[in-house]
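Common to both upcoming complexes is subunit A, partnered first by subunit B, then by subunit C.
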Partner chain A sequence: MLLLQLLINGLQVGAIYALTAVGFSLVFGSTKIFHVAHGAAFTIAGYIFYMLTVKAGAHWLVGLAGSTVAVLAFGVLIDRLVYAPIERHEGSFFTVFVASLGVATIVQNLIGTMFGRGFVSVSTPLSKGVEVVQGVYVSPLVGISVVCGIGCFLALHLFLTRTHVGMALRALGENRDLVRAYGLNPRNLSTLALALGSLLVVPGAVIAAASSGLNPAIGAHVMLISIAATIVGGVGSLVGAACGGLLLGMAENLAHWGLASQWSEAITFVVLLLFIIFRPAGFFGSAIKT
Partner chain B sequence: MLAYLVNLTTLVAINVILAVTLNFVIGYAGIFSLAHAAFFGIGAYAAAYVAMHFTTDFLACVAVAMVLTGLVSLALAMPALRVRGEYFVAASLGLQILAVTVFTEWKSVTGGIGGVVGIPSPTIFGRPIVGTTAFMVLALVCLAITLAIIAALVRSAFGRNLKAIRDSESAAGAFGKQVALIKTFSVVISSSLAAVAGALYAFYLSFINVESFTLDTSVLIMAMVIIGGAGTLAGPIIGAVLLLVLPSALSYLWFLPPTEIGSIQQILYGLALVLLMIFYPGGLAGALTRGAGKDRQGDREAGAVKA
Partner chain C sequence: MPRLRNFIAQGLVLGGALLGAFSASAADVKIGAVFPLSGPNADYGDTFMLGTNLAVEHVNADKMLSGTLSIIYEDSAATPQRGVIAANKLVNVDQVPYFLSAFTGVSKAVAPISARTKVVAINGGGVGPDLATLGDYFWNVIPLADFELKAILPYLTKKKGAKKFVLIYVDDPLGEAMKKGLEQGLPALGAQLAAAHSIPPTAQQFASIAARVREVGPDLVYIASYGLQQSQIIKQLRDNGVTQQLAGYSGMGLPAVLQLPEAKGLLYTTQRVNFGSDDPVTKRFISDFKAKHKKEPSPYTVNYYNSVLLFAQLAAALEKGKQPVTGENLLKQRLATKEFQFAGGKVSFEQNGTVVSPIQINEVDGKGGSTVVE
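Moving on, here comes the complex of A and B:
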């Protein structure tokens, strides 16, 4: 029974991780920006939702809208103010990565000063578990996470394969110069990728706020999960990133069967290292060799 | 005032060791590690454990710390360096987060959140090192040795191999260089020297806990390297001194709430990283020597390392 319970919890966490990782993978795959501040977007979305619903007492839809607007602004601003000027003059992996890490540090500490360093959460009747089988509790949030995960992923897939802008975005990852030759602006596409990628953290952040809670350091955890899922799934493959996220969420929860919960991040690391040793290409996609 | 300066000098020496060793992998090998604080911590806990259970001999403690840290870094570097830079960043980030968990949970060795208390004073050849001044001298000697090792390595054939790999891995490989082996070796050297800083830190404070070895510390050391200027010998020293003097300067600003000074510092480091990457990717050392970063080619050579 415990195993079933852990599988269900794993499904909920995995769906959140999958969406977040797809956001990171989308940015990294199409723009080659190693966007470690992706975790910061997650923190912002979660805390804005918390601020509006708990502190200001607004309706949850208002909270959702607020955090959506906030992460969109974050994605667009970080691209325009930080990544664009760096890419204009040089834009090596190193420079972009350090700047992104700087932004992540700023956000984590700003949130920490504003809201305190402890855990906060949004309480909702949705997170109350209902006993379905004896000893197995399922909360409506599990269903919401899974439906959100699948829905957002399908919407993104349709956008990337059926619309012109989506196809241009995929082309950007393949050949930047050719995109420019076709008269499209790679910078605008990068901004779009950052905005879309950041948007994908909103469901995860809101569900996390309503279930396990948030703290300012959650960004670092999300950052690790997103990068690990991208590698486990195969760099450049969105389906891979989603599977990677799901796998990591499952592995983390199944580990509770034998280990204390503090070790969940250790499990992520072990899975990541195993993939790097035995299958650096991930599930899908090809390994970036030097 | 003198006691304050002695204390500051000791802490600066320890941090310069960390910055210089991290710069060795970032600036010369072009490898990005987010686990430097983890290596620092492993060195500190290992030295503390040996000192409390076996011998207080400084050299023995440092040797154990270096070997243990070297082995951990080898386990990280061997698989992660066969593939491209991003994989190492991810793996080192994972190791850093895992290390914090281990430092917090392995209570019999690390004392959990409370940390290790009452680490005895070290001895060298049977003579105890007592007092802050003696300790400052010890720290400075360790710093001098580390700097000498790094400087010698950078100038040697090994250092030239590293720089060749940093600038173009495929070219270095085409010349028959064992790219993965050389990179792995550089990570092991850097991490085991960081363990020296860890041992010094544990003995100096006679108390360590996980707070000193978190991801924030890794980012801080990285900020020292980058703000100073990666890939230069003077850069990390400038960076470490600046970032250690800044907190004392901040405490003079009366309008800042004292409880938030830690966060304000981190915000300033983050801001400095972002602004430097936008305007002077070569860091301060790069900006000073290359005419305020107008010379783009110069910037690139000074330290904006390609992955």
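Moving on, here comes the complex of A and C:
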């Protein structure tokens, strides 16, 4: 029964990790921006949901709408005000990385100043587990996490494969000059990638607010998992990032079966290390040829 | 242009001289503080500073010292590595004679710096029993975990009837000390530690720990962690079917835990502070704190208020005797003083530099407060 319980827990955590990893992978794959502030979008989404539903007492749908608007604005603004000027001045990959890290730090401190630096959570009956089989507790949030994960991923897949804008976004990661030659604006597409990538953190952030709770530094953990999942899944592959996120969530929870509890976090990096050594291209990434 | 350059150069020299003269004439007294001001334990830093800042206000308002007292805050992020950097800066660059420390791991890391440089370090937040053995220059104004366990274990086993314990402990010196304390203390009381789950300080997912706790079926779950992780553990245990009695040490006395609905009924220990005491120091502390923050002070706030007050009392005595305020003299003065008037009553120090204080057991009400049950 313990194994079944750990699998269910892994599924919930993995679904959240998968969504955040896909968002990061989308941004990195299409724009080549190492968007470390992706974790900050997660923090913003969670705290806006908390503020609207707990502090302001609004309906959860209002909270969800507020979070969505806030992260969309964050994605657009960071691209226009931070990444675009750096790109105009032909800043290096490292410059963009440092700028993104700076934004993440500022957001963390702003959130801490506004909401306090302690733990906050959204109380809901949906997070309370009920015993479905003897010794196995499942909360409605598990189902919601999985449905959200699959739904968001399918919607994104359809958008990227069936719409012209989606195809242009994919093309942006392949050949920026060619995109320009077709009369499209790479800058606008970058903004769209940032907005979409940020949008994908909303379900995970809202579920985290109700299940494990929030703190201003939560973005750093999210970012670490997103990077690991992207590498495990294969850089540039959204399916790979989703599988990578799911695998890491599963591994983190299944580590409790037979291993001491303190290994649960380390197992993420053991998986990452094994992939780097034995399959550097990840699940679905292609090997880089020189 | 040469005239302009000369003018600027002369201005800079004059400015520097004035600044130097001003610094030399000012008799400001500076002490340091190595607190967690960022990261997941920053909540503690905020709580500590409520006490230290109020103490500085009181000391300066009373003109206890010849100059103005101020505190240089440095961020440890609750990690030993950053704590050492912060302590080195305070001791070597700012040359403070006294600095405040917090957290068991950080305190153990900065204690050698304090001993080597003969600068007093005082802890009001860490409770690892080892903190009583860190040398003459490391003091504690908080009773340590062994005293807390000695107080709560008989209560939990006899009054609450708990015989089978599970421990969830953070993988650091504090957690290890708590584990050792439970392993040694429970058998004598006819109880047992059925399982102990160590967790990294950065862990945030505890649903699977809850599953393992349920498997053991304990009477009680003791949590030895700190910061926001405590709230995450409590919430996730309750959300995932762990209904047993929860208990913890003084680290639970944080607003985030006390306000958590899932924490209702949790038992935890703190030192006994008599807020109803008639002495003017306690009365002033309580009234000013409540007027300023519209809430009751936590034991941590009291401890760090007292830490600053202790420095002021010792430094004032040294100034009166025309002795310089150095770490060595502060130690001599402390050893020469039998009792100190603190917020919460009079206290004395044991030979090892740790205060003697009774312990009380509190029960969390889940609405931001707690009641004393023993």
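Definition applied: the second predicted complex is superposed on the first by the 279 of 290 C-alpha atoms of A that agree within 3 Å, B and C clash if a C-alpha of one lies under 4 Å from a C-alpha of the other, contacts with A are read in each partner's own complex, and residues count from 1 in each chain.
Keep in mind that, in the parts below, a contact is a pair of C-beta atoms (placed from the backbone, for glycine too) under 8 Å apart; a residue touches a chain by one contact, two chains touch by 3 or more.
What you see is a predicted model, and the numbers here were worked out from it, not measured in a lab.
J.: Putting subunit B and subunit C on the same copy of subunit A, do they fit or clash?
T.: clash
J.: Mind working out whether A:131 is in touch with subunit B, subunit C, both or neither, as first, second, both or neither?
T.: Touch status of A:131: second partner only.
J.: A:221 in the overlay: touching subunit B, subunit C, both, or neither? Say first, second, both or neither.
T.: Once the two structures are laid over each other on A, A:221 reaches both partners.
J.: Touch check for A:103: first (subunit B), second (subunit C), both, or neither?
T.: Touch partner of A:103: subunit B, not subunit C.
J.: Just subunit B (first), just subunit C (second), both, or neither: which does A:93 touch?
T.: The first partner, subunit B, only.
J.: Could you say whether A:265 touches subunit B, subunit C, both of them, or neither, answering first, second, both or neither?
T.: both
J.: Identify the partner contact of A:112: answer first if only subunit B is touched, second if only subunit C is, both if each is, neither if none is.
T.: both
J.: Have a look at where A:121 lands relative to subunit B and subunit C in the superposition and call it first, second, both or neither.
T.: Second partner only, subunit C.
J.: Classify the contacts of A:256 with the two partner chains as first (subunit B alone), second (subunit C alone), both, or neither.
T.: Only subunit C; A:256 stays clear of subunit B.
J.: Looking at A:207, would you say it contacts subunit B, subunit C, both, or neither? Reply first, second, both or neither.
T.: Neither subunit B nor subunit C is touched by A:207.
J.: Flag for me the stretch of subunit C that overlaps subunit B after superposition; candidates: 24-32, 78-86, 258-266 or 348-356.
T.: 78-86
J.: Show me the subunit A residues, by the header's touch rule, that subunit B contacts in one structure and subunit C contacts in the other.
T.: 109, 112, 221, 260, 262, 265-266.
J.: Spell out the part of subunit A that touches subunit C in their complex, as residue ranges.
T.: 2, 5-6, 9-10, 12-13, 109, 112, 116-121, 123, 127-129, 131, 135, 137, 139, 211-213, 215-218, 221, 252-253, 256, 260-262, 264-266
J.: Which of the residues in subunit B end up touching subunit A in this complex?
T.: 26, 30, 32, 79-80, 82-87, 89-91, 93-95, 97-98, 101-102, 104-105, 169-170, 173, 179, 215-216, 219, 222, 226, 260, 263-264, 266-267, 269-274, 277-278, 281, 296, 299-300, 304-307
J.: Can you list the subunit C residues touching subunit A in their complex?
T.: The touching residues are 38-40, 42-43, 45-46, 171, 197-200, 202-212, 214-215, 228, 231-232, 235-236, 239-241, 254-256, 260-261.
J.: Name, in rising order, each residue of subunit A that touches subunit B in their complex.
T.: Result: residues 34, 82, 85-86, 89-90, 92-99, 101-106, 108-110, 112-113, 220-221, 223-224, 227-228, 231, 235, 260, 262-263, 265-266, 268-269, 272-273, 276-277, 280, 287-290 of subunit A touch subunit B.
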